[in-house]
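Presented sequentially are two complexes of chain A, the first with chain B as partner and the second with chain C.
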Partner chain A sequence: MSVLEIVILLPILAALAIWLGAPARATSVGAALINLAIVLGLLFQFKSASAGGAGYAFESARVVLENPAITFGVGADGVSLILALLTVLVTLSAVWQIATDKPAIYHIASLLIAGGALGAFLSTDVFFIYAFHELALIPTFLMIGLYGHGEDSHRKAVAWKTTIYLGAGSLILLAGLAWLVLEYSGGQKLTFDLNALRAQAASTPLPVEKQGLIFFVLLLGFGTLVSLFPLHSWAAPAYATAPTPVAMLHSGVLKKFGLYGIIRIAMPLLPQGLQVEWVQHALLYMLLGNILVMGFVTISQRSLDKVLGNSSVMHMGYIFLGIASGTEIALQGAVILMFAHGISIALLFALMGRMRAQLGTLELSKLGGLASHAPIFTILFAFGTFASIGLPGLANFSGEVMIFLGAFGSDGSSTLGPLQWTVILALWGVVMSAVYMLRAYRSVFQGSANAGLFMNDPVVSQRIPLMLLAAALLIVGCCPWLLLGLLKSLSVVPVAAM
Partner chain B sequence: MPAQEAAPTLPTLLLLLPLFTALTILLGHKLLKGASVILSVASAAICFIISMMLLHSENSEIAPVLLPFISVGKINIVIDALLDQQSRGMMLIVTSIGLLVHIFSLGYMKEDAGKVRFFGALSLFMFSMTGIVLAGNLVMMFIFWELVGLSSYLLIGHWFQKASAAEASKKAFLTNRIGDFGFMIGILMLFAANHGDVSFLGLKSSFAAGPLHDVAATQTAFMTAAALCLFMGAVGKSAQFPLHVWLPDAMEGPTPVSALIHAATMVAAGVFMLVRCSFVFEASHDAAYTLCCIGAITAFMAALMATQQSDIKRVLAYSTLSQLGYMVMAVGLLALQVGGHLHEAGPGHPAMFHLYTHAFFKAMLFLGSGAIIYSCHHEQDMWKMGGLMKHMPVTFVTFAIGTASLIGVPYITSGFWSKEAILGAAFEVEEGRPFFWIGVVTAMLTAFYMTRMFVITFFGKPRTDSAHHASEAPIIMVLPLLVLAVLTLISPWHWATNMFQAMEPKHAEGHPTVLIASFLALVIGVSVGFFLYKGKDKEPLNIKLFANKFYFDEIYAVLVKVFQDTVAWIIAGLERLVVDGIMARLPAYLAARVGSAARNLQGGHLQGYTFLLGLGVLLVIYVVVFALPALGH
Partner chain C sequence: MSVFSVEIFLVVFGLALLCLEALMPTITRRALSGISIGGVALAFVLFLFSSKSGADLPMFVQPYLQLDTLAVFYKGFALVITLLVLWLMVESSAYLTKFTTGGHYNELFCLPIFVCVGMMWMASAKDLVTVFVSLELVTVSFYVLVAFARKSNLALEAGVKYLILGALSTGVLVYGIAWVYGATGAMSFDGISAALANPTTSKQAALLGAAFLLSGLAFKVAAAPFQMWVPDVYQGAPIPITVFLSVGSKAAGFIVLTRTVTAFMAQGSVIAMEVQTLLILGGALTILLGSLPAIFQTSVKRLMAYSSISHAGYLLLALGAGSARFDLNAGGVVAFYLATYLPMTVLGFLVLALLRANGGGEDLRDFRGLAKRSPLMALVMTIALASLAGLPLTAGFMGKLFVFIGLVDQASWGALICAVIGAAAGFYYYFRAILAMYTSDAQTSGSMVWSTGTKAGAIVLAIVIVVIGVYPKPLQKLLTPKAAAVATH
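Right, the complex of A and B next:
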């Protein structure tokens, strides 16, 4: 059994064990710790195992079906390993922070989401990439519907909305993937193996217009899963309603699946898809919708859960900007930002869950002065806040600045094209995120404490998972080159020069 | 990362020591307790010593890399150190005043509950400011530019329980963010046009004879836009009109912070950056002219506002705005001069020279006001002081030296020489005449409001009990004042300007018109101020427009309300109505239909979901295994 298969199966087996009666907390935290250790080990070995960091490593394959050719193949390049690291880090802190009075299903669901996400990130077969993601969605929907916050009818409505949106997105995605696979089969045996498909794309490329069309279908499918504007309206209510570990895992990890799919499947298999002008322009408009429209929407929110949920939708726009520009540095920046956003939003949702449990309200106007009672909690929240507004030294900035530099270009031109104008407008979003996050921070933590609202600092053992996330933000923020060294494979992605 | 040559030890230490201090205090303050404070002061002292040691380092031909940051393909962004006259001198200013402010704070913040947090943030500031000064490329400068913004935010909001302090810190950060928005665009434009190289040395040679030289010659609009975007960064950080509104509110922070960050060093970073990038402004006449205008407007307008403030720190804050305006104007004037090929830029620069003299006397004035506030039990209203000359003689003397420098008493004060250099430049440059006269009138206003402040605070009789019982501040606070007084006195001497590498411009032949005009301005300002306020117990002039700062805050509040909050409200409503309405109604309708069908089938919501998803998975398998192969063949 290959090591990547172990990484994928471990959380699923742990979930099974808990269902069969193993102690929930010990099992889930233990499994998450082991997984973290394995992934860290893989990161250190990656360069020697993958020809200097450019190719796949740790590959193995089991044939499931001969025709169509479906193999349970696993393998990792830098992108998948970074996302695996994100998954295990967020999983560990998500299961660690589950309160002791919660039923075991919290742990089971979290582990299943983690297992599904790891499977999606580490598989090399399009069929399994898709199937693992679906697997991870099921516990997400169930947990929102069963254990979500708010009125019974409200959370059911939210669960339905999320299911419908993501289900519809998945179906569009399925259609797009099927189209893609069919086009490349050329009447021969169907294959879902990414490597084989990539070889096909290189030897017999599709006509450019068709590439653009399929790319757009995939963009809509993957985009719905990532809350690309205007397919985003499931996201903010889902995160506001979902139980804390599910909100952490979905917004932090699972939502990255759509972006991963574009980088891993759509871009290499349809290398000229984004060069079709209308596709690129459509993407630019949509991502500006994420940044500017959702920026304004977030500014008008009056409770913390809505601010964080909408801000998470907004930040997807920057990652799409990296993808839309297609330059090497911007794509690598997009991966860094995927990691950074995942960690920072998971940290913020974990802290928000604690506030909801202790204070009973997240209305900004009712909160205030928490910094006086809970200084350590405040520092941790400040890490998340400043990371998400792109303060240098924290991970998100590293990704954002690479995206801006890459998207603006460095080819000696002194004219401003559509990409450059998009970057300029997107930069205004950085001002807007400072506005809503600092407003929220001001009303929650500063000023005088409201009588009757009291919150204490987490005890030491509860601080550890949160400090882990904060430390990850700081390390990647100060030393982004630690991760960039793993991303050589992205330089072979054809540049979509416009 | 590719192996670089070994990073030079001293600059690395200079940069990282305060960072480690700040991190140690953040993580270990429970264990360290009072030792954190000592640690912070010790780190500031070591940084000062390192800056002294660096004074005789060679000018770098290349900026040596201290730390890697981002390296992708041919783009390599690093943390490096560009050591030249400008950075060495600035470093010494930052670390010397930094150390003195650390020491002063030992007394000023002694009783404060958040003392450890204060010193931690102070160390974070020292780290960030060092980064700006050492920066050898624009991205690195931007990184630390934002980080000084963070430390300023933390320190303005030190007393975060106070609503006014919390609001002021937020306002400072957000206003700076608007400036940084432009700054980043400017960096990106140069990055694009110069093939991904934004190091200062690379840009400079490119402007001399390279891609940017051609861009400047052929694409005037692009170059002017890039220059103005860069300038926007300085408008935010150095609080120039129209983004000046945050600096007076920043006085909510503890007074030592006002002295170090909001008077001597951080706010001057904007000017520092403009001088670093002077080749950009030399390449665009329109941008250089804009600098002159913005600088002159800020200098004049802030001086008017200073005349009607009653809070001692606010007078000083507006005076800082006004002096920063002079410096920005000087950058513009020199760029016009060099751009017009009047002569090559020498090693001197009037903006940096004024920055240097201003840093010492303004830090001293702020610390002096801190000593006064401390002794009057945190009273900041000048009208509740009075007669402090007798009670606080040392503070009085140092304050007098500072005031004399700020108003530019001829020949003996540092402020005279540096202001004269700017006025002289304005007089010499062809288009500079209006700026010269604005500068002279502002000098007169400066003499007026400083005399006013001096008379109200130190002369006459104490107007309140707290002023009556005021006594000299403790020695730990008086000592830094005295050191700063000495530094202020010696700073115009040549050996001092040599040591501080102050970029003193060659003394132009003092044009008689310049001398006479500034002398008259001084005499008129001081005498009007003295006779108007002598023996007064309340404000004899009441100019609402100036006292209310030209209503900028009120106007901006309306603008924010209309252009941000209302627009946000409308967009949020539309988003709910249109996107959510259309995009979600249809599926929701379908969902309800399917849902009720599922309920009928399974009798319950939960089962409904699982059923649907199970159905989905089955569908997927069916499609993949049966439908697709059938299509494919």
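Right, the complex of A and C next:
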């Protein structure tokens, strides 16, 4: 059994064990710790295992069906390893911070989401990439519907809205993937194996127009899962309602699946898809919607859960900008930002869950002065806040800078093309996120405390998972080359002069 | 040992069981059920050793019977489902005792065995007469089985409905067979396909016969527009019998459908196009008429009935839209789908039977809080429902995958859209049941009582679902016609 298979199966088996009566907390934290150790080990070995950081490492394959060819293949390149690291980090802190009075299903659902996400990130077969993501979605829906916050009817409505949006997105995605696979089969045996599909994409590329069309379908499918504007409206209410570990894992980890799918499946298999002008322009409009429209929407929010939920939607726009430009630097930046955003939003949701449990309200107007009661909590929150604004020294900054610079200089021309204009407009998003995040920070932590609203600092054992995330933000922020070193092999989309 | 020793053994065994029950009134039900399960299990072991596809048949049966890959598969299928049904009968003994006169139902045990023999014979049938005789053996046994709980009004209603409509459909079937014989001059499938390839064969007469024949079979497999009886009969019949109808009767119908459709759609057949259109239209309609009403059901048993209809639709589409690029032909895809359908349906009904045995009903509200009362039962039911919905990594997805790719290859876009609508609706209604299990506001509480053996059986079924879902290769291998076997024929 290969080590990547163990990484995928461990959380799923741990979930099964808890279901059958194993102690929930010990099992889930233990499994998450082991997984973190394994993934860190893999990171150190990656260079030697992958011939200097290019290509897949730790590959293994089991044929599960010969015709149509479906292979349970696993393998990791830099992108998948970074996302696996993100998954195990967020999983560890998510299961760690679950309060002891919560039922075991919190741990089971978190582990299943983690296992599904790891499976999706580490598989090398389109079928399993899709299937593992579905596996992770189900506990998400169930947990929102069953243990979500708010009124019974409200939470059910949110759960169904999320289910319908993501279900429809998955169906569109499935249609797009099936189309892709069928096109490459050319009437012959079908294969879902990513390596075989890549070889076919290199040897017999599809006509450019068709590439654009399939790319667009995939973009809609993956985009719905990542809350690409205007398919985003499920996200903010879902995160505001979801139980804390589910919000952390979905916004931090699972949402990156759509972006990962574009980078891992759509771009290598449809290398000219984004060169089709209307596809690229459509993407640029949509991502500007994410950044500018959602920026204004976020500014107008009056409670912390809505601010964080909408900001998470907004930040996806930057990552899409990195993808849309297709230059190596911007793509590397996009991957770094995926990691950084995942960590920072998970940290913020974890802290928000604590506030909700202790204070009972998240209305910005009712909060205030928490810094004096809970200094450590405040510092941790500041880490998340400043990371998501893009303060230098924290992880998000390096990702955003690389995206903006990479996208602006993408075609090497001296005139301002659509990409350059998008960058110019998107930069205003940074200002907007500073406005809403700093305002939220000020109204929660500074000023005078409102009567009756009191919260204390987390005790040491509860600080550990939060500090872990904060440390990850700081380390990657100060030494982004740690992750960049893994991204040498990132497939670069050749951008012709437009 | 003769290749048909298993069938012969089962006939003798079934009759012996009947005599045993009649001549030894003191025999306990426990002993009787043990003997019947043991006998079928023994038959299954015999089957594993004796039946090899492509074995040489005695001369005198060669015109009537064959033993190809599909025949062997369906024989095994019949034995497995019969074993499971006998097991379910033990699980629902409380229900059967309550609704039979004096709690006496010992003669029930021999009937599934006769059904099993009928299905096994049908799997080998090479001509329409053999098909008809074995189909009647199955159907007549079912008339009795459905109405067996005679103190339950619902069961009696179900029995009458099934009897009248079943008899009618038999009439339609025979009428179709007569027309086909009149048009082609042949009763055997080989003869029919040869005659149909002859351009001088009357197309209208053959088509009329085919339409009647397919209609009669559509009743047996619960396909639209002959599906109206299904919800009432499934709801009224005792759960083991519902399972048998839903899986066994459907499989029996589909082996016959596979054989006839293969003959009708053989190379050069004058009615190939029309039959394919009929199948695809019927399949698409069946999916819609199964999935859409299912959305509004509050009884899980009725929900399973509608789900059974919609699965019949996918099976019809599989039959109508085979793809040349698989190793499996259309019949193989149907068999594959049925093999995935068996564990999930049995498991779903098993949980219903257990709920009933624990004093619950069959409504969605009886499912509330099941996860608290028995996490294991909720887990296996989740797997069964997820598989029925066709979630990836479960057996149900693999079956649907073949159907969808086949539809794409045949460019049947309308049917594909219906299939997608059906799948999407399925996600809604199956997940509503899953959601109900995990809500905490239970109507009834207290832990569920189920024996270790039952638990083990449920776990095995759940594992089978997952294993077929992630590793379907062995099953596909089993159904791929062997090149060597073809050569010896």
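Of note:
Keep this in mind: the second predicted complex is superposed on the first by the 486 of 498 C-alpha atoms of A that agree within 3 Å, B and C clash if a C-alpha of one lies under 4 Å from a C-alpha of the other, contacts with A are read in each partner's own complex, and residues count from 1 in each chain.
The rule is simple: a residue touches a chain if its C-beta (ideal position, glycine included) is under 8 Å from a C-beta of that chain, and two chains touch if they have at least 3 such contacts.
Values in this document were obtained by computation on a predicted structure and should not be read as measured data.
A count of residues in chain A touched by chain B and by chain C gives the higher number to B. Of the two partner chains placed around the shared chain by superposition, chain B and chain C are both touched by A:T163.
When the two complexes are overlaid on their common chain A, residue A:I105 makes contact with chain C while staying clear of chain B. Of the two partner chains, both chain B and chain C are touched by A:L142. Once the two complexes are overlaid on the shared chain, A:L20 sits against chain C while remaining clear of chain B.
In the overlay built on the shared chain, the residue A:V435 is in contact with chain B alone; chain C does not reach it. In the superposed model, A:F216 makes contact with neither chain B nor chain C. Contact with chain B, but none with chain C, is seen for A:V401 once the two complexes are overlaid on the shared chain. When the two complexes are overlaid on their common chain A, residue A:Y56 makes contact with neither chain B nor chain C. When the shared chain is aligned, chain C comes close enough to touch A:V64, but chain B does not. The intersection of chain A residues touching chain B with those touching chain C, taken from the two complexes, comprises 65, 67-68, 70, 127, 130-131, 134, 138, 141-142, 145-146, 163, 167, 171, 178, 182, 185, 187-188, 190.
Across the interface of their complex, chain A is touched by residues 1, 26, 68-73, 75, 77, 139, 142-144, 146-147, 150, 157, 160-163, 166-167, 169-170, 173-174, 177-178, 180-181, 184-185, 188-189, 191-196, 211, 215, 219, 222-223, 564-565, 567-569, 571-572, 575, 579-580, 583-584, 587-588, 590-591, 595, 605-606, 609-610, 612-613, 616-617, 620, 623-625, 628-629, 631-633 of chain B.
Taken together, the chain A residues at the contact with chain C in this complex read 19-20, 62-68, 70, 72, 105, 127, 130-132, 134-135, 138, 141-142, 145-146, 163, 167, 171, 178, 182, 185, 187-190. On the side of chain C, the complex with chain A involves touching residues 325-327, 371, 375-376, 379, 386, 391-393, 397-398, 401, 404-405, 408, 420, 424, 427, 431, 434-435, 438-440, 470-473, 476. If you check the complex, the residues on chain A that touch chain B are 65, 67-68, 70, 127, 130-131, 134, 137-138, 141-142, 145-146, 156, 159-161, 163-165, 167-168, 170-171, 174, 178, 181-182, 185, 187-188, 190, 192, 229-234, 293-294, 296-297, 299-301, 328-329, 332, 369, 371-372, 379, 386, 391-393, 397-398, 401-402, 404-406, 408-415, 420, 423-424, 427-428, 430-431, 434-435, 438-439, 442, 445-449, 479-481, 484-485, 491.
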